[in-house]
Amino acid sequence: MTDVADPIQQTAPEAPVSAWDRVKLARNPKRPHTLDYLHDLVADFVELHGDRTFGDDQALIGGIGKFDGRSVMILGHQKGSDTRENLKRNFGMARPEGYRKAERLMRHAEKFRMPVITFIDTSGADPTLGSEERGQAIAIAESLVTMAGLRVPIVATVIGEGGSGGALAIGVADRVLMLENSVYSVASPEGSASILWKDAAKAPEAAERMRITAHELLEFGIIDEVIAEPAPAHENARTAIRATGQAISRHLRELIAAFPLHDDEALDRLVAARYTRFRSIGSWQEESAG
Amino acid sequence: MRGFFHRQSKFQPVDPDENGNDQSIPDDLWVKCPGCNELLYSKELNDNLRVCPKCEHHFRLRARERIAMLTDVGSFQEWSSRILPQNPLGFADGSGTYEGRLERTQRKSGELEAVIAGEATVEGKPLALVVCDFDFLGASMGSVFGEKLVRATEAAIERGIPLMTINASGGARMHEGLFSLMQMAKTVAALNRLGAAGLPHLSVLTDPCYGGVTASYATVADVVMAEPKAMVGFAGPRVIEQTTKQKLPEGFQTAEFLLEHGMVDLIVSRDQLRVMTASLLTHYENARVVAAEASAAVNAEAHGEDIVVSFHSMAPERAPDSAQTGEAL
Amino acid sequence: MTDVADPIQQTAPEAPVSAWDRVKLARNPKRPHTLDYLHDLVADFVELHGDRTFGDDQALIGGIGKFDGRSVMILGHQKGSDTRENLKRNFGMARPEGYRKAERLMRHAEKFRMPVITFIDTSGADPTLGSEERGQAIAIAESLVTMAGLRVPIVATVIGEGGSGGALAIGVADRVLMLENSVYSVASPEGSASILWKDAAKAPEAAERMRITAHELLEFGIIDEVIAEPAPAHENARTAIRATGQAISRHLRELIAAFPLHDDEALDRLVAARYTRFRSIGSWQEESAG
Amino acid sequence: MRGFFHRQSKFQPVDPDENGNDQSIPDDLWVKCPGCNELLYSKELNDNLRVCPKCEHHFRLRARERIAMLTDVGSFQEWSSRILPQNPLGFADGSGTYEGRLERTQRKSGELEAVIAGEATVEGKPLALVVCDFDFLGASMGSVFGEKLVRATEAAIERGIPLMTINASGGARMHEGLFSLMQMAKTVAALNRLGAAGLPHLSVLTDPCYGGVTASYATVADVVMAEPKAMVGFAGPRVIEQTTKQKLPEGFQTAEFLLEHGMVDLIVSRDQLRVMTASLLTHYENARVVAAEASAAVNAEAHGEDIVVSFHSMAPERAPDSAQTGEAL
């Protein structure tokens, strides 16, 4: 989909790192989270709250800020780095209110022709009675609908855990990037292991078999770039954040050059290109009609 | 309403050559109803669209059974039947390779994948139709599922016909990893195009419907119907109970629960689906076709002729609620 | 705004009827309500439920039906005619869920180019803790926003009580009609009396002074037509409903002739005309700048 | 942040000629704070933007006080000041005619109507501004209110500048009957046009804000801010208690309650409003102007030059929440 020849992607860890190691790194509570990226990469951030129908979800935050000289809409799951903060942030597991806020802010971005930048960092959407009552499935689905048709460029980056529909809900982007020690999976390794191996303890094996690491997903063409972590991000946050900022900036500039924000016809092409991007993901064989 | 389909064969015969087996249920068995524990004679059950005559429990159906019940006899033309799954991850688990699993499932279910797509008519009205088969790996959504749905959507756009999806699913096709998750985005994006073409998507949620299907195309349709008591949600009850140690209330995640919480448009019992579908298709066709024609006619009318308006029904002076079609429950 | 010379509007009651009499007639529980109009005027009605975020409000119903040969979206407050039904219908006082459902269905109508017909019959929006928590004000405001910009013709009819913002929330129409014995007011007569006279018992006087009857509002140019009730609607429902159907049909046909539903440019003009209609409502004096 | 406005006069002097009185509060009085019951010296209170230094209670402000606090000195140009209310219903109640009531209110308040509209700059950025004056019949929304707001909106569109409304209201102007109600539709319709022109509407909800204002333009703005502890709702607490016999919870309908229920974007204390407004205006201007320019620049860049990205802040390694502007409460 995009140029994958950038040398940054060739960076491989010196010692072999297992998929399960990546999972542990992705979940390290000291790993930088969305607010850390905002702090280092974004100026004049104004957080905007609420879904206008029920609540304000602190597990999925959003607002307007200046990134690389441009005012953009930024959205991201927010995990805590300690228990107290994790309770406030619901461990980064967003509720329907969070996805509805995201959708509202994406429409806001579209109205004012602001690009959208998202940071994916969740083990999955909140699985509780309350979230089910208030339409967790529909909230995620509507966010997908909105992103699929949004007439501004979107760049998504998986910075830690990208888990299930709760991650994809802010991941239908023109470019999808992953940090080297992030993972992106259809279900958590534990969940996959209990479904497929009937044993949650097989999570390390599931992590390996499910192909959830950045380099594997790049090979599949599902993501567009791997952002190297010369040291794991929780050991050198500044470097990881800076590299992430550089990568997002590069992709955003490419997108804006190809699809200028003032050009309605170009924005039609942008949405069509995003369609083609996701339309083409899948793996099947086709028998010629007998 | 019972016996609505008697004028067509109970179940439209499945071509036994295509998948190697005949899926109809033998008529001479006894079945225990999970709704009321009564023993039902399967002929009686089959004649009643596999709805328990005692408690209205809607038994699960195979995809081809649903197609037969819904569509005009002989009208269904299958699409994309030769798109076959493969193993992009090279996946294997405790029970062997994904390929092995697929082969066993294909043999057992008589289907090649978890959705059947095609074109049919309902009361003479054409539509594209995508139906989930829960017996195929829990109708989990993988690459073939997504591709068949997207192709059906694109064909609907090309032909200018509506799309109906009849949904049941346990969630994502785990064996295909992130390819599976991405089908959520892919299907929703295709359906955006259907909407932009002014064509409706009608969705029917049937028991059970969970995970990625519920969290993507199936719940953002123009009209979302559900079968009575169908279980529908994002996370399954077991996951929720394990995660939250919360006791879930009676009726949680049933179609009726969803209606009460504003998540579905209406609950349609199986014997009403055909007539409801035809009614909705007529309305959208009306809005599409009649609007333009009527505009012209009215233009003429506005310059002279008297307006004669006739309304369909003047019968009872006051209307009881229950007379309103679609006033579900 | 529209032709008001139709003879139907000249019909005056034989004996003078006070504004308070009208209020009592408008509130008569045996007066036909939205479902009665639907039953007589609409074929193949499919009720559509839910706001997709919280609940389904039975005080404000909606769905697709065939009216005068055309498939349309119909919305209306629904009062009960007895206590049991009124409890189910919350006495026709809609909650945020009701207004959000209305908004959802109006967007549905726009998508499929179906005209919208609304029946107004509420003493006002539900004034409870729950409705405030879930954003009653915002739900009403968003419905106004949607109606003001909706690209299909809208005909609204006050069939009983039109009370406050809860009524207007489905009343931003291209044509606003009133039955002769309906009322439309900024606050209930009792509410007005307690605010302005500090005495709710002055409601009859308030009803008179507030100019809430159909004929007065027609004179002000706020509504477009008065539908005669030769006998009060609860005494001869069929006649009232039929006359209402005729009036709605006439206005809808005029609108569709002037703004054909297949013609995007005409629909722009329709929205502009609706803007002009409401833009012009008001009463002020303007001093020339000194 | 305290003393932020010291470089301009505490309150921008109101032209005493226009309405016949000077609205500034004398400096040598003692005022009891409704928040903490402390006696405050009014000079101290005025110096602190009329926010209690003890408990941060935000005292209500007159419209021109707000304009003075928010806008650059001398930048405010009033619009539509000669649109005057009249009595379309010929209304009179126990206390006499509406005209009489208006005249008394005008004399007492020193204003001709309940909103002041105009144009100003905030930190050099131009905007249209409409501010409610609660001392004028509870800033009830009548014909003049609606007309002034709509004209300000239309002027904003014409000039290509954003609109800010600072809202407080008891609800509809009852004396104008349905003319009053219709201002809800009228204002919202005008603001749709502002949005279509790509211009933002920023709304500030201040104490108290109820009824038609809350249920129309004020809550569907692009950004909805609220002053701390401002009471905001549709129906007033007294009406709700009378109707439902329900005891209302502590903090019901406060700005903090609204934030928690997802109804406002952020709570902004009075001393932060100016800087927050400037920040938001900069972002929208940026998106409007820079987007087009940047596209051109980037086009050049994309064909050759290295990309040098510099980010504003590399200071502390990890960000505490509280450092995020707008992370209210």
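Which chain is which? They are A, B, C and D, in the order written, and residues in each are numbered from 1.
Note that in this section a residue touches a chain if its C-beta (ideal position, glycine included) is under 8 Å from a C-beta of that chain, and two chains touch if they have at least 3 such contacts.
Quick caveat, the model's predicted, so the values are computed rather than measured.
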{"item": "Set of chains whose contacts include both chain D and chain C", "value": "A"}
{"item": "Distance-maximising chain from chain C - centres being C-alpha averages", "value": "A"}
{"item": "Whole-Å gap between the CA centroids of chain A and chain D", "value": "36"}
{"item": "Intercentroid distance (Cα basis), chain C paired with chain A, Å", "value": "45"}
{"item": "Centroid distance [mean C-alpha coordinates] between chain B and chain A, Å", "value": "31"}
{"item": "For chain A, residues contacting two or more additional chains", "value": "52-54, 134-135, 138, 142"}
{"item": "Shared interface positions of chain D, touching two or more other chains", "value": "261-263"}
{"item": "Topology of the chain contact graph, where touching chains are joined (line, ring, star, complete, other)", "value": "other"}
{"item": "Those chain pairs that satisfy the touch definition", "value": "A-B, A-C, A-D, B-C, C-D"}
{"item": "Chain A residues touching chain C - in the complex, by the definition given at the top", "value": "52-54, 96, 100, 134-135, 138-139, 142"}
{"item": "Chain C contact footprint on chain B (complex, rising order)", "value": "195, 198, 200, 222-223, 259-266, 276, 279-280, 282-284, 286-288, 290-292, 294-295, 298-299, 301-302, 307, 309, 311-314, 316-319, 321, 323-328"}
{"item": "Sites on chain B touched by chain A in the complex", "value": "82-86, 88-89, 91-94, 143-144, 146-147, 150, 172, 174-186, 188-193, 211-212, 214-220, 232-235, 239-240, 243-244, 246, 248-249, 252-253, 261-263"}
{"item": "Residues of chain A defined as touching chain B within the complex", "value": "125, 127-129, 131-138, 140-142, 144-145, 147-149, 164-165, 168-169, 171-172, 184-187, 192, 195-198, 202, 206, 209-212, 217, 220, 222, 274-275, 278-279, 281-290"}
{"item": "Touching residues on chain A, where the partner in the complex is chain D", "value": "32, 35-36, 38-56, 63-66, 68-71, 81, 85, 97, 101, 108, 111-114, 237-238, 242, 245-246, 249-250, 253-254, 256-257, 260-263"}
